[in-house]
Amino acid sequence: MSYLEMQGIIKSFSGVRVLNEVNFSLNRGEVVALLGQNGAGKSTLIKILSGYYNKDGGKILINGEEVHFHAPSDSLARGIRVIYQELELFPELSVAENIFMGDLPTKRFAGIPIRQKEEIEHRAQELLELLGEQIDPAIPVKKLSVSEKQVVEIARALAKKANIIVMDEPTATLSQKEVEKLFGIIRKLREQDVGIIYITHRLEEVFTISNRVVVLRDGKNAGFFDTQDTSWQELVQAMIGRSLEELYPRRTSTLREDRIMLRVDNLDIPGLLEKTSFELHEGEILGIFGLVGSGINELALGLFGALPIRGKIEMNGQTISIHSPAMAKNLGFGLIPADRKQEGIIPELSVMHNITMASLNNYKKRGFLRRADEKTCVCEWVDKLKIRLHSIDQPIKSLSGGNQQKVVLARWLATQSKILIASEPTQGVDVGTRVDIYNIFDNLAKNGLGIIVLSSDLPEVLALSDNILVLEGGNIVGRFTKGEADEQTILYLAMGGKEKVAN
Amino acid sequence: MPDLLLMENICKSFFGIPVLKNVSFRLRHGEVHVLLGENGAGKSTLIKILSGAYTLDSGKIFLEGREIDMTNYNPQIASRMGIATIYQNFHLVPHLTVAENISLATFPVSRMGFINWPKVRAFAEQALQKVQLQVDPNTKVKNLTMSQQQMLEIAIALVQKAKIIIMDEPTAAISRRETETLFQIIRQIKTQGVGIIYISHKLEEIREIGDTITILRDGEQVGTMTVHEVNMDQVVNLMTGKEIRTDQRIARNLRTQEIFRCVHLSAVGKFDDVSFSARDGEILGLTGLVGAGKTELARAIFGVDHFEQGEIFVRGVRVHHNTPRAMVEAGVGYIPEDRDTSGLCLNRPIRDNITIVSHAKSRNFGLNLRQDNQAAQLFIRRLQIRTDSLERQVKYLSGGNKQKVILAKWFQAQCQFLILDEPTIGIDVGARQEIYRLIHDFVRDEGRGVLFISSDLSEVLNIADRILVMVRGRITAELFPDGLTKQELLTYCLGLRNSSPTG
Amino acid sequence: MEKKKSRIKWSAVLGLLIFYVVLCAVFSILSPFFLTLKNFSNIASNMAYIGIMAAVQTPLLIGGVMDLSMGASAQLAGVLVGILYMGGWNIWLATLFALGIGLVVGFLNAMSVTRIGINAFIATLGMLNVIEGIALVLTGGLTVSILVPQFQFIGMGSILGIPFPIVLMLSFFVVFYILLTFTPFGRTVYAVGGNPVASKLCGINNTRVLTVLFVLSGIAGATSGILVASMLGAAAPAALSGTILTVIASVILGGTSLSGGSGNIWGTLLGVLILGTLTNGLVILNVSSFWQEVTQGLVLLAAVGIDQIRQRREQR
Amino acid sequence: MPIERNFFKAVFTFITRQQSLSMLFILLIMWVVLAFLSPYFLTINNIFEITLQSAVIALIAAGESFVIFSGGIDLSVGSVFAFSAIIGGLGLMATQNIFVSLLASLGGGLFAGFCNGAAIVKLKIPPFVATLGMMGIARGLALILSRGIPIYGLPREYMWIGQGRVFGIVPVPTIIVLILFTVMFFILRNTRFGRFTYALGSNAEATRLSGVKIPPVMLGIYMISGAFAAVAAVIESARLGTMQPASGSGYELLAIGSVFIGGASIYGGEGNIFASLIGALIVTTIRNGLNILGVSAFYQYVVNGLIIIFAVAADQSRRAR
């Protein structure tokens, strides 16, 4: 039985589980690295441990005895101390005063009698020496460097008799030399029988300082390792859930052969696209691959009515005509345009307004918007798609590219689109979000949507699609089902080759 | 019987940059010889030398065994000797009739000095028959279709007793069916002993019509073979040059002198404590995930945005004012990520765009238009910017050519250190290679360096001599591309590993 | 981050409000006649026609377009009422007809902007010339008097003691506030101004949005022309030609961006009031009316300049 | 006959390819039509009369051209016109020296332009707003300085600038216009300043990133605009023999209209200064023609407006092609 045991911790925010039965343990005198990508649930776990959040389920045991933290003070009383990235020090007060902040009698808060001051400075000195640091306890904290401030925080934790210290990315703002110094201190703490939870992104550090590694992924335990017996490849695989060779998720859904949603027959866009025909089934992800300038973009815009098209389009067996994006929208199409900045977002408007822009009529009652309905819907999608933001009223231009893309995606999900046309859906999107988007697509397909992914990223198309079309010079030059497609042939066709490559 | 045409050891360089290196080329009677190569490989230069548009630096050309005197060689002589070129944009007079066009060079004149119309007509009918073109000789040329115009050009070449016909991408603008007709004609004129030099990218066509293939890459002849002995796969490899990466690195001459250095650059929330230096002749790659702060860093270095701390040195001299102006004066150039919105004056002529930097640096009141034109002309040729006139507004150019104009503007101003931010985004594969080549050429001259910023890992691996990795605003690794795999580089970009950066 | 952003939005209006209060305080210290209910109702009544036009110009600017022909439509409407009445029409019928002409003018503007694709600034600049010319031609450059008691109500009457022009102006502001904030249409206006391509690809019919805006603008122009004609009891063909710039100035003063996509209708109301109060205060202080133009120009420059500097500082 | 149709089509495409050419063509057609309609129109005197009448608008349009080519707009020119006239008038009253007066006018225009430029460069106020503010300020100052009273009693030498004729026939303003337009044409074409003016209008960010110092260029552009308003003011004062604080109102729209009729792009970066001259001539010809035909002068507004709309519409459809 370890000193600290967290068992089956569950936490949800607005119905979305961010921690799902997470286990964690820590002994005194041990450094355990907590590893995971952004959003894996590390900080939520820590906030439950420090009493900021109440857990929805599970148990926390200290020394074998179950504890309940209702507020940060409960956790502090148990000797758990978190050192955050943004240090929580009082810059105007001296080092010693900062270290003994909570223990100073209130009457001395304004003016400390000289003997007391000497006494706490003396005790502070002792603590700092314990950590092997030469810092004058009398000088104000604002004069210290970042790493020295960190030492003060650690000293403060020791002064509070902390048994467990949590360090949240402590090296993010430190130079190489300061990092080494910090590691020295951590080793000293270990000797003091303090248990340390070390949160980081950097594998190198994990190997230098930790005894054990706990990996979280998507709010779940993804692995427990002894540092000595593991390799960084193994850890990476645990973190991102797959080996680096395949960043792409496995498809879990299958298309329904019998239900053709969309049949496009001899679609022409004068000068840009010729005689394009294809079918889209319910629950299918149709990948259309082409190089820049091959016409994939135009095809997307044309299907959505933004370019004039000729040809026959059938939807669920009925012939339809699409002359404008508005018409396409009403028919149940949604478009994620390739050029997010120019065609996708409305930069000045808030995230909420961007999401509901295409579905305003859904929240209308007697001609007026019901903003409560709108907000509910937006919050729902923000949670479902894990869009990272501070507030739904924040202007979309302040989000990262990946999150902006999710907002555009949410816009069409909010209109309950049946067919999603995604043109270069992951261009300019970071790796993590990319994986999210793939998973969302997979999920949508499972729910019966038809998705057309037009992309110039070949691995993406290969990994994602049920069927693959290759577009070159405005013509479809190849058709493949998932199994039979290989990278080389497709690329060859897309570059204008005509016959299959030998071998 | 001697070969119809023999070109031996042709060398040609523009302004010290070799575009043809010892190329030899042989054309037999009745042969279709395909000239293959990426854009910028030297195909068109070779053709232009043959047709008299360019002079050659060294080498010999034999026509039917007789050496051509190259000293006074020009297009008129070439056509008199029976070398006809059929360009993509036809050299016909649209407002004249077919018959008039055919007789344009040699208008049959009666004794009185009047045009002998019956003869013109007879001549035309005879010519049209040679290519089996069934049009009324009295139709205006502008009323013909593209392929008819092309046939007409061939007809004209034939009546002028051409021995060699050069076809530059003849099928680019015509339909598949018309292509068939063209091939028929080609087969027919082959039997008359005419040699054809055929330039195309379409491998399929080459199979169908070609007899021999010569492949050029970077001005070098990398292979000549007959069509049935080759494997198309091999051709593609030769063309794109899988070894292009090693080629480039071997060719480069790294010098020890430092050309650019920045020290401890920081801007809150964007990047933190960035230091690096670049050497003379070096392509320094900077990579990282989207949002790592690369663009912000580039903008700050060039003075577009401000930074709070740090210093910048160019050739050891500190640049005091952090404005684009000061950087330009110090010899630094910047090619922004978004070409259209911050790189080019779209509705100004190419000439104005190319010369703007040198005008910005000059202190004169007036400017010399002729000098401007010459300078622009020089760079349009040197960078092979595809345009019909230097007065053409930049907005009509393709993405690749736009990027070349931006490059030209810095080359023209004799900039020494060039910062390129995602220079190949949205540019097609062929033009990409050209841009790499230009960057490569740029650093070959003494006293120049490049900071190449890109999120495309394979691109960075291919072009850079040294790679800096940026993770969340900090440079976390300095790597060398040799032996480095894409996967490894990705782990660095994800921040999973770091290596100590240089100070 | 989010808090900071919304603070920026409101601080523009708040800053204006503070400025307005200070302005009023200064004037009431300098003159005892300033701080009276009567005087304030005067200010508002006198600015009502500007306010009406500004209330509609605001969504136009938010939608990324501009209507320079508004003042001219006002002029034409006033003149039309006068001429038709003299021609024996019923006064209300004439008013209705004038409003109809305003609608047509707006529609024509919309056509040349959306169908032909002329830049709104130029299209409405041309339209300004055209209708100003028509008004001059119709009257021969002379003033037409309209002295009809029931018509005078529009300009002189009051409801529950509040002068009718103020009621009219405020109802325009309230209606457009509701339109912009609580209806899908209002939301789409912001989208069209913020990024026309993206809004089109959201399935928004940009053409329809702009058409509605221009038509509303024509009607609002006509309304304020009728209001002025009723207040003065006469319509002069060149009386309102310069007002459009005051209208745009007050909208910009209110914090609406010229590049479209953002703006606030209450800011516009404050902008109108500030310009009106400035004029009124200077009159009360017996300052030469010539100074009014100078101060108006300076206030506009100061407001926008300060806003720019603040925004740049926020960005740092 | 098809040939003839083709010929006309060719001529038509040639003319419509360049807006300035098509506008020149329209001007010539107007003159021909008017010559048929009225025997008085195509007399040497009347032609010079048109050039004389157009001088003021043409000069303002020349300054406005710089601003519009650089992607901005100057709404203050009408007020600056009155302001510099009054400054010049005061100078004349004070010293009775014509040169002082001329310098004062020019200085007034330059100063107003400088303020516009400074507000745009330093305070980053959009040109539309900055010059809208200046419009009120300059007008107010003109009224204040003159106390709202026109200045009369100009010396004969001064009046010569507006009323004199060289060789007894060519009006002095016409000559001034020709000289200044030629100079400006060369400045736009053959100087760095001109190049930067266009570049700024085409893409200010790209220009800045090319190392061009934007502030002096911007200041220069607006000062030129102010200076031209001043020159126009001198000519009008000299022609009418009086300097009026209320003069010039509405001229900004006429001048802007002239530039756009000449084919400049509203987004900047394109345009030819002589095309603006043609625009000004068209505007004036309409007024002159209507006068001669005895039609109410008020129609000129209607025609002006229609021409602006049609000119830009034609331009638009050509660009779309």
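Going in written order, the chains are labelled A, B, C and D, and every chain counts its residues from 1.
Everything that follows uses one rule, which is that contacts are C-beta pairs under 8 Å (C-beta built on N, C-alpha and C of every residue); 3 or more make two chains touch, one makes a residue touch a chain.
Just so it is clear, the structure is predicted and the values come from calculations on it, not from any experiment.
**Student:** Which chains lie in contact with each of chain A and chain B?
**Tutor:** none
**Student:** Among all chains, whose Cα centre is located farthest from the one for chain D?
**Tutor:** Relative to chain D, the chain with the farthest C-alpha centre is A.
**Student:** Per the contact rule at the top, check every chain pair and give me the one with the most C-beta pairs in contact.
**Tutor:** C-D
**Student:** Return the distance between the CA-based centres of chain B and chain D, expressed in whole Å.
**Tutor:** Chain B and chain D have C-alpha centres separated by 45 Å.
**Student:** From the C-alpha centre of chain B to that of chain C, how far is it in Å?
**Tutor:** Once rounded, the distance between the two centres reads 56 Å.
**Student:** Can you give the whole-Å distance between the Cα centres of chain A and chain D?
**Tutor:** 59
**Student:** Could you please state the distance in Å, as a whole number, between where the Cα atoms of chain C are centred and where those of chain D are centred?
**Tutor:** From the centre of chain C to the centre of chain D is 29 Å.
**Student:** Check each residue of chain B and list the ones that touch at least two other chains.
**Tutor:** Counting only residues that touch two or more other chains, chain B contributes none.
**Student:** Answer with line, ring, star, complete or other to describe the graph linking chains that touch.
**Tutor:** Contact pattern: a closed ring, each chain touching exactly two others.
**Student:** Spell out all pairs of chains that touch, sorted by label.
**Tutor:** A-B, A-C, B-D, C-D
**Student:** Which residues, counting only chain D, touch chain B once they are in their complex?
**Tutor:** 10, 189-193, 195-196, 198-199, 202-203, 205-213, 265, 267, 269-270
**Student:** Spell out the part of chain A that touches chain C in their complex, as residue ranges.
**Tutor:** So the residues of chain A in touch with chain C come to 304, 306, 324-326, 328-330, 335, 337, 342-349, 353, 356-358, 360-361, 363-364, 367-369, 371, 389-391, 393-395, 398, 411.
**Student:** What residues of chain D sit close enough to touch chain C in their complex?
**Tutor:** Answer in residue numbers: 75, 119, 123-126, 128-130, 132-141, 143-144, 148, 249-250, 253, 256-257, 260, 266, 296, 298-309, 312-313, 316-317, 320.
**Student:** Within the complex, which stretch of chain C touches chain A?
**Tutor:** By the definition above, chain C touches chain A via 1-2, 5-6, 178, 182-184, 187-188, 190-191, 194-195, 197-205, 261-262.
**Student:** Help me check something: in the complex, which residues belonging to chain B touch chain A?
**Tutor:** My answer: residues 201-204, 207, 231-233, 236, 272-273, 289-291, 399, 426-429, 472, 487, 490-491, 494-498, 500.
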